[in-house]
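Reviewing the structure listed below.
Labels for the chains are A, B, C, D and E, by order of writing; each one numbers its residues from 1.
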């Protein structure tokens, strides 16, 4: 579904992504792991067009994504839920959801599904998004992404700054997305939990993919265990 | 036991509805490395912001060498001898690396030329001597971290507060950084907020654990690693089954 | 830029500008030179706060007005020499600056908000100058009593001495800027990132207020010079928006936050406006300002960092070319 | 008592004019976050357009809005594309847009001077000099209509911004450009649209005030400061705020003018402006308030 | 960094090349060469806020020079040439440009300059360079109170205009008694003026003269002519319910005052305006029929009874009206273009010939001497009054405010003109009056409180 080939990204003179190759298959849940600053967010932003790459190729369902305007990519089915949520704080929850719904078809049904799955949001639909609690904001952000009816949903650190109980809910939600047939590609710092719900994982360090394995082998990988799980 | 040079007593901070720091107390002893860990959002950076005067504290006191420093401005606290780095490195993007360091040297230098003389030395310590002429905006993550550390060192602090200096580094780079920190320990007291367990366990003399703004544990690295409360808070639910 | 290098450039420029003094220039050329140096001087003052510290003020005319009105008032009423009145005016301007700068920095007023506040302050000063006509002459302004050439009274018949005076003022202002190396670094750091600067032990408010006060003082001194040179001041010319804007234009076009940017900007813009007006102004009203406006827009689009950045851009372009040549066939990007 | 009511009525009507002038600016300042120093000069252009449409083609100023609005949209699109857009997204954006729009102001003022000379021009419509009387209180006809139209524009804008898709998109862009892009919104298009709409609104404002006013090339200068004051007072991007800000300033000037001196009226409003800026920089209606 | 030096130096030398290294023109003229060249400088604002009237003034000056040159020039043999500069409505620019004309073009005389503020700044330049400023419209009193010896003003100072309107009212005591049932000195007066130098000076004249006669000045209000709203001023005046409104404004605010006064239902029995904004075509265009019966005080008689002029000047007057009407399609408005025309005429027809006859040359000194020696009879000036100028040694003390003026034509006076059918006609003093003054606004006028 998503195919990234030899991607290089620079900010000014500084290269942050080096020859990255990634494949995500239809319906798969894939996680991108790596320390802060490894370039995960940059990679996500590049796929969505917020950052232009220096070289390389990104294809989505056979189409060259780099030839498509950033704002048109959601219509192709690629939607990112950015780090820090970036909700429109001065709009209501419902408006936040509405804004992402670029197509009428299936909109109502999607919204119903969201309110059903996330009853908290339904309660707060008329409330300004900026006044929600952190967990609710994250749910709202994910819900907003779902409203675009993506084929592939990307999440950048959805658990950032959330209480463990909320983090659990987020992971539950991701699993529900998969059940809905949405491909999920997400960045996380909770390595273990991420690998539990993802089929495969990529490990990005210093802008390079240093490891790509299925979740099970990754969990058992010495390096991962030592560096990311703190298990000697 | 070494002298307690910094004492944080029962400090709290509220942002709107969020209790970011909740009655936290600890002390820092001369010459040690104190590690602070906790999941994202646990209030580690807020703690640094409170100690260094970026946010006023709601309640509690902070005492440094027997003197209250809560209520002082960040620059005054820096002059007392406590310098912090930022989690998201804050280079001065429009200035060259050398000037970045120079700016940091200046407040404690009598003459500009004195400060200038120190720049090369610090650039070498943080291995940025080859990049001296680049702009702050044009650095890689690692270089930013190094610059952040270099700037903090340039202020010649007694206590150095390091906020996630390891994040974004490769294992080899982490090792280098750890060596550097151990080297610094010879002359400075260090408080370090860190994510990477391997690092924190390795270099800390003592560790405190924060979760949801509260201190949930304090002790030697070994004790912390075995504390189930910590494992749950830090590694999440999954860790229990691991 | 290293301090010695800057001092060397300043010395060369000063010698060159002194040499111009001995050229057989027509008086109007001298007048343009005086105006140019006047704006270079004002710009250098403006630059301290607005360029280095990045707080864009479009109300600095207020300080020029305070300087000019104070020194002329003291001269007229108490026969106090403007050489001293200048300092009184500067002091008052600093007070006015403190009135706005302290709350602005205290409440973290930044960006366009600060700019708008500065415009408001200048408007208030402008209106008060008109309203207080018993002291300020209202909108007719104040004229200096006529005194023949007198060094003591800062009044000269020819252009030459004014030229030397403003050259000296400019020299001192640039020299001061160069010598304020430490503060300049602090201000730049504050402009780039206030928190990071504070964490390094730099007092943000203290430095900002110091820069603002020096800036106001210099511009006020410029106001006194203006009054002595034209021997006439009125609210429209000296407290009007156009003077504030011109100060900013000179610096931004020249290169803000650089030592010689204001000077370069003044030497490009002021002769240009004068020559444009001289050659077009009387036949086609408005055409010269129309062209001037277009020039500003074009200049800002193509040289967003000002003329002072031009050498850097050229160097970067050459470097890039050189690199591409090095890479040879690899240079596909 | 009648005097007091008259002061209030006149102040409110003046405030309506002020609010009307600042609507377009509010949009531009609120969404693109740039200071358009040429704002008043676009007003001047709108007034000239109205003047000529009235004197040459006998088109009523209120009707001429229908011509001026689309024409100014076009002008706005071109200016955004060729002058504003190249300046956006850089460290110097804030300063440089100010300088560039100042340059644009020079261009417009002097273009008007070259094309139409510097004469004061005023038109007389059937509203000029007329007023409606209410219990001894005189309401200027032209200003009353301007007031009504201002409210109408504010309501329409409110509706567009709150209830339509494009309005939601504009609000989204004003809050977070990156997030808006991720939601499939073309930020550049919204910017162009906003800028063009802002210019067109000020052009339309020019048409609406022409019956009670007069035009000459530098007429915009005075309005500039006023418009910015009102936008900031009311809170960026808040149209109800702009309306309230305008009315407040109108009242202040009316009262100060009668009680103290009309020369000091502006000083009073500027002082209030500074005060609000210092203590509540987000404006009277800012922060959390709805658009 | 060399580049910084080179940029600055390059510009300096370019400038030197463009304007610099011409030869200094001989400002005082070569005395050995007796060829007389009459070359003057003209400074008017033709761009910026005051451009509207500045342009009209410039047109008036040009027409006078054109007419003289057609007859061979001054004394029929010395054609006039001039250099023009735009002051951009800015006093500092005016001063710069005057200086350029003086030093680069060598003009011994500057004519102009529209506003009192610009006149004030140019008079400084003239004084320093010892060049004559023949000021034709800057009316503020302060202008000539500095003891300058090179600035001359042919017109009445602004406070004299203000005095004239009050004198005019006092002169109509009987009519007032009859209509309002009270004596003129019991009238309640409101003074409203724009806060520029000119409006302030006129209002000072109003107030001083009103005080002299013991009138009750209920309101004396200044406002900025740039203001977009005059309703508070009008409300204030309306509350005072005056018998007389003395108004001084420019064109834009004059139009606005009229409109807003109507809107706010302000009515007054007697209204006298003081030139500036009320005596020009743009005002009539702006207010239409409301202009009719408005009284204005002007420094020149508008469409006067030509019997007051000598035959020669009556002919010049007719010629001017004809030419202007042919050229611009509308009759000349007297307050602006006629004023400038009349004074330019006076200068080249009366002053300059005297200078040349006395000294055989056209220099600043000879012109200044001729001005000081001049005693032009009223019939030889289209301004309607003679010319005799005060000197620094013998300044003229005005009887209203008691200030000393040097270089002021103390024979100058102001005139009362009134609009009839959109045309301004002299109604006072009687020797130049063409119509009888209508003191009370007729009931048909929207601002009239009369029945």
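Just so it is clear, a residue touches a chain if its C-beta (ideal position, glycine included) is under 8 Å from a C-beta of that chain, and two chains touch if they have at least 3 such contacts.
Here the structure is a predicted model, which means the values were calculated and not measured.
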Third chains touching both subunit E and subunit C: D
Steps in the shortest chain-to-chain touch route ending at subunit D and beginning at subunit C: 1
Chain whose average C-alpha position is farthest from subunit A's own: E
Gap in Å, rounded to a whole number, between the CA centres of subunit C and subunit A: 51
Cα-centroid distance, subunit D relative to subunit E, in whole angstrom: 37
Chain centre separation (subunit A, subunit D; CA means) in Å: 42
Centre-of-Cα separation between subunit E and subunit A, whole angstrom: 76
Subunit E: positions in contact with at least two other chains: 46-47, 51, 55, 195, 224
For subunit C, residues that touch 2 or more chains besides their own: 127, 130-131, 285-286, 289
In subunit B, residues with contacts to at least two other chains: 93-94
Sites on subunit D touched by subunit C in the complex: 29, 33-35, 83, 86-87, 90, 92, 94-96, 98-100, 102-111, 113-114, 118, 217, 221, 225, 228-229, 232, 261, 263-264, 266-267, 270-271, 273-274, 277-279, 281
Footprint of subunit B on subunit C - complex, ascending: 3, 181-182, 185-186, 188-189, 191-193, 195-204
Subunit E - residues contacting subunit D, complex: 46-49, 51-52, 54-55, 195, 221-224, 226-233, 235-236, 239, 251-252, 255-256, 258-260, 262-265, 282, 285-288, 290, 446
Sites on subunit B touched by subunit C in the complex: 52, 54, 73-76, 78-79, 83-86, 90-95, 99, 102-104, 106-108, 112, 136, 151-152, 154-155
Of subunit D, residues touching subunit E in the complex: 3, 6-7, 10, 13-14, 17, 110, 113, 117-122, 124, 128-131, 133, 138-143, 212-214, 216-219, 221-223, 226, 253-258, 261-263, 265-266
